[in-house]
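The first chain written gets the first letter, and so on, giving A, B, C and D; residue counts start at 1 in each chain.
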Amino acid sequence: AKPLVIGFSQVGAESEWRTANTVSVKDAAKKDGITLKFADAQQKQENQVKAIRSFIAQRVDLIAFSPVVESGWDTVLREAKAAKIPVILTDRAVNVSDPSLYATFIGSDFVEEGRRAGRWLLERAKKTPDTVINIVELQGTVGSAPALDRKKGFEEVIAGNPKLKVLRSQTGDFTRAKGKEVMEAFLKAEGKKINVLYAHNDDMAIGAIQAIEEAGLKPGKDIVVISIDGVKGAFEAMIAGKLNVTVECSPLLGPQLMQLARDVVAGKPVPKRVVTQEGVFPAEVAAKEFPNRKY
Amino acid sequence: MNSPLLTLTSGPTSPSTASMFVRHPLFRPLAALVLLLLVDLLLVPGFFHLEIKDGHLYGSLIDIANRAAPLVLAALGMTLVIATRGIDISVGAVVAISGTVAAMLIGGTMVMQDGVPEYVANTPMVWALCAAMGAALLCGAWNGLLVAGLGLQPIVATLILMVAGRGLAQLFTDGQIVTVYYKPFFFLGSGYLFGLPFSLYIVAAVFLVTALLMRKTALGLFIQAVGINPVAARLAGLKTAVLILFVYVFCSACAGLAGLMISANIKSADANNAGLLLELDAILAVTLGGTSLAGGKFSLAGSVIGALIIQTLTYTIYSIGLPPEINMVVKSVVVFLVCLSQSAEFKNMWRAFRARIKGGAA
Amino acid sequence: MTILTSAPAPVLELRGISKAFPGVQALSGVALNLYPGEVHTLMGQNGAGKSTLIKVLTGVYAPDQGQILLEGRAIQPASTLEAQNLGISTVYQEVNLCPNLSVAENIFIGRYPRKRGGIDWADMQRQAVELLERMQIRIDVSQPLARYPLAIQQMVAISRALLVSAKVLILDEPTSSLDEKEVDLLFSVLRGLREQGMAILFVTHFLDQTYAISDRITVMRNGEREGEYACSELSRFDLVNKMVGAPATVGESTAAPATAAAPSKLATFLRATGLGRKGALSPMDIELRQGELLGLAGLLGSGRTEAARLLFGADKADSGSIVIDGKECSFASPRDAIAAGIGFCSEDRKHEGAVLELSVRENLILALQARTGILRAIPLKRQQQLAEEYVRALGIKTASIETPIGTLSGGNQQKVLLARWLATEPKMLILDEPTRGIDVRAKQEIMDYVTALCRKGMAILFISSELPEVLRVSDRIVVMRDRKAGGEYPRGALDESSVLQVIAAGDVHE
Amino acid sequence: MSTMILRGRAWMASPYFTSLVTVMLLIVLLAAGGVAYPGFLSMQVLFNLLIDNAFLLVIAVGMSFVILSGGIDLSVGSVLALTTMISAWLLQSWHLPPLLVIVIALTLGAGFGAAMGAMIHYFKLQPFIVTLAGMFLARGLCYLISINSITIDDPLYVAMSQTQLPILGGFISPGALIAVLTLAAAIYVAHCTPFGRAIYAVGGNEQSALMMGLRVGRTKVLIYAFSGFCAALAGVLFSFYMLSGYGLHAQGTELDAIAAVVIGGTLLSGGYGYVAGSLSGVLVLGTIQTLIAFDGTLSSWWTKIVIGGLLFVFCLVQRLMALGAKHKK
């Protein structure tokens, strides 16, 4: 048979995580002999819509994309449906009036990641039940889905313990430089009061760890550091004892995506929601896990 | 393009020292900076607290100066470009390129030395830094050639590099963040010398060299002449093309240095995010410092102050614990206020308004 | 000349106008009466305050003190638009038009002929052509204004001012870049307007023109009104004295400068053969000798400026060769020409000369510094010394040498630009309308200065629309017509009428 | 290197010529795409260019007025986002009738622009800095409304989003039609009304325009108001297009718009160029993107490099042709 053609619209290359995601998808397609039309949206929704329109014009067999934003997909997905091209969402969900506009959604659950981070902290807080624990939070880009959800999930869980207090919350734009800069300001303003740092991604955490060290404190000990994603850098930090835990958010969706794509095109029934397998990696397992990390 | 011929000026007043100080073009930006610091003094406890930690100064003010260093560098370069009536929006991309080149070449591999893990540079650091600066200079030469040689409009000419430059940097790194393990490199971004951050010395050196260059050679005069009236400048025998080429190369060099500083500071090179939107902040700093985007007269010191204003503002926002949602609104309001405070027209209107109110009340 | 018999009420009356700029009292207590149906000339040395007075009265500047009465009512125009609406139409000293718009639009912008809501382009172009025709200018009015030389732009500005049926017409040095033919045309238009009862305020530095057209003269000196005189009652000599403020020996008819050595004995500095550029100048030969002043005569658009620009490398010649001191040179840019010892003072000071925001000192040393090189900055002391020296030598009126050149009066800017080139001590100097907008006395002084330099061995190419001046100072004259060199004549071989003859016919016929 | 811009006399005509060159090069670009990728030259792909770039076109039209007058407006992208946000909020939380919402949004946009214009003119502030602050402000205001994206389900908006107007065997969206009409209206205003000509005059030489008795202040305020209006209109089109309001919408659109205007042959220093050039500029940018999407093999960074490269080649050829034409004259 002639090879399957998939149009894949990626958000961009804004982080290591995203790059790993792209590589995974590309490699999986190559391995499966699937022709992949790849389009990079450079973090803009309108570019994604344009890319999807051009996929429709090229009559690909299936469209997959990681939406930049949840909302605003009705029209173009309708066009895809009219052209009888099935759609798979990866990594982030969309908000559409008619769920039949897409075949399935595969990806992690950001709210759940936030919850996992919160739960880990709850566990740890149990060891010192009487002390107040002051938390500072480094948010992702204001308004972005992961930032909103990771904040929401975390808050949801820590509400269960009145001793846990978020002192400060500021955006670090998901970058190392900003993470460091904001953490410096936190340290000057709150000083020794800070017990825990919760960062919405590893990069900000790595930046903030440097700020903590430069302030003469020990990250991982004086200040407990929690972050999300589980990139290589985070594991290195954990091995060095500077990061306490990272909640995995796996970018390696490629193989699963290709399998799903083949099923969808073949008309096999697929579940509407496929959650990727993800773990929580505390520092204790970091050294053991490190060799297995692909990204 | 307001010709000075049209600006209404009030009558001559006796120039006392005080009024001369107030009339100095740097007075208003400086006043804005001082005002911001005052706000900090009131709202952020311990803002001016400095202490010696591990043998170096530690405190908010040091942070601000340290963090502002790359911005100051970028603003210095941008000042000259703007003086020639140009603009360089590729600064952020150049930051990414130079940081990436340096980080990739230095990197760091672990070797065991007497049983202790030690990191050594992949490439000797000097070479790596030279290569990074070389890449930045190339970028500048490219921009300069497009503007001066081909006559492209500066904004499109530099847009090309702005778009492609970041792509190039990511191409080198395959989209990965390159982490550096080689310690001496960090000195550039977070080292201390005589108790002060090393980056401050770099900035001071670049500032001094640039200021001297402008003062002791005819460069400053020529750049202004080219910016104000390129036709007349050419007829007076200036090498306008070479001058324009020079300012773009200089601007990129500054950006390259800023890139090294940024990547040394975070001990890694993030091709996608390093220096993102730095060009806008740099231009903002230059204008806050009182240099007109229409070219001509410029003030290096003003740009430095402008950059400090921006960094102080950012830091203040972090320090006083505002929710991130309103960062932008605060920033914009402050920028508006600083601009208004610099506008003579606004002052006149305000005075007239107050006089009217008083008149009404009497 | 119409003599005012009964004195009707003035249309425009200025009382006690004062205006100060930082460091200069530009006007102090100036009064002026302007009657309907008269041409009133405002005279005064450079920097006397003429342009400032005009700007105050047309709403560009607000006066510090004083009153402006239009037809007996006090007015306070806050903008030129208001002044226009009140019936005051003005042509300012520096051409104030938009270079990017077409000639027709420059005349009509703000008062377009309309058709069905939109602009009636066809009608506008037609009217523009007609209007310019009155001045005998036939150009493509749909081309952008920047395509045309300064003189044409000046005529366009005048046409624009003439378009409105105003009560008062103000012309600030409209004739400085025009030649006699254009001036005559302008004057006949002005006389027509005077007949219709318009009040015309006119500024010029040409005594001949003053006497040819004025009814009355107001003389200004140092920002004050010296006096108001009926034109017929004031002799030229008195007029000059009143402007200068002391008895002076300045007149149009001073003796010609001492003649140079016999032309054949002078060493050739530059010889250009077949120098030309397509569409600008047909190939011409020209020779400049050390210690000789060569005049270029011709009408507007005869190609004098083009010739000068090619000699200076400002435009690239596409034919011909230039030999300097026996060596063949090719100028790719003005730099090369400057390196060879040539200086060029352009006719368009606003666009090609002055760097407005820079100070007098900086403007003055710009060319010298460019030649010295970027790295060897002229020490500040030396710069100041040079600037002071030239400010004194040329009588530049400025608050200080650190004043931005843009705030100087037109004539004084011109002097600074001249000084820019003198400071480079060139071996050859091209002066394209160097005395444009310079007052009578200063003109005399400058020409004396220049001829003195010439006698010391400088080669000078002198271009001027003032034929008498060219005839008076030149050792040799090249007459140009239709972008070609018409012929070369030694000193004394031509008088005004024979030059016009050459221009008309191509050669002198006895 | 002496073939420079700085030539005083002869360079004047080039921008007009540049506009023509742009159109020619655009055709070449499209043809190249047609040869390289099957299906590229189908009617619908061309219409998609219009549909997908309708909002950019409208913004570029407003921007071209500002640039022609010698100014710049960096706030347009944020005003667009703010418009989508306000529209969504008024529709979803206040349940105002959609037409009223549109009117409010457009008025706010124009008012925002006018306020910036007034600051620029009356306080003699630099356009760059004022509109930059305006950009922060508008974006910041979005987050004050909500940091989440708000989905719009108003029937009129949905209809505008999903209606397909058949044309020449393909279809265009109502938004694209509105954009084209806006362009037509703007061309008329720029070339056939006194206001339009005053824009050129102010761009040519502001001081002269003032001395010629034009209402420079009113013109400048109106220009920025118009740009704000266009940004708001683009916001309305964008909310048709995306059916959502979101503070992160249209990031960096101001640069795209400036690039489109400049590529279309307008001089950033003001006074020279055509409003119609913004269409060719937008189409050039859109075509480059479409080419890349059709290629489908470029990684994220290669995408950037290739966009930059194509931009370079385009500008280079444009410039060389303009220079060549000038030399022949």
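We take it that contacts are C-beta pairs under 8 Å (C-beta built on N, C-alpha and C of every residue); 3 or more make two chains touch, one makes a residue touch a chain.
In UniProt terms, the chains line up like this: B, D = Simple sugar transport system permease protein; C = Simple sugar transport system ATP-binding protein.
All values derive from a computational prediction rather than experimental measurement.
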Mutual neighbours - chains that touch subunit A and subunit C alike: B, D
Furthest chain, CA centroid comparison against subunit A: C
Distance between the centres, which are taken as Cα means, of subunit D and subunit C, whole angstrom: 44
Intercentroid distance (Cα basis), subunit B paired with subunit A, Å: 33
Distance from the mean Cα position of subunit D to that of subunit B, given in whole angstrom: 29
Residues within subunit C bordering two or more other chains: 60, 314, 333, 351-352
For subunit A, residues contacting two or more additional chains: 12-13, 19, 22, 142
Shared interface positions of subunit D, touching two or more other chains: 2, 8, 143, 147, 205, 207, 210, 299-301, 303-304
Chain-to-chain touches, reported pairwise for every pair that qualifies: A-B, A-D, B-C, B-D, C-D
Residue numbers on subunit B that touch subunit D, as the complex places them: 1-3, 5-6, 85, 89, 146, 148-157, 159-171, 175, 230-231, 233-234, 240-242, 280, 283-284, 287-288, 292-294, 325-333, 335-336, 339-340, 342-346, 349
Contact footprint of subunit A on subunit B as seen in their complex: 44, 46-47, 53-54, 58-60, 63, 67, 170, 174-177, 179, 190, 262, 265-268, 270, 272-274, 276, 314-315, 318-321, 323-325, 327
Touching residues on subunit C, where the partner in the complex is subunit B: 20-23, 60-62, 64, 312, 314, 333-335, 338, 344, 346, 351-358, 362, 366-367, 369-378, 404, 406-407, 420
In the complex, subunit C residues that touch subunit D: 60, 79-81, 83-84, 90, 92, 96-101, 105-106, 109-110, 112, 117-119, 144, 146-147, 160, 279, 314-316, 332-333, 351-352
Interfacial residue positions of subunit A with respect to subunit B in the complex: 12-16, 18-19, 22, 139, 142, 168-171, 173-177, 180-182, 184-186, 188-189, 191, 203, 206-207, 210, 214-216, 233, 236
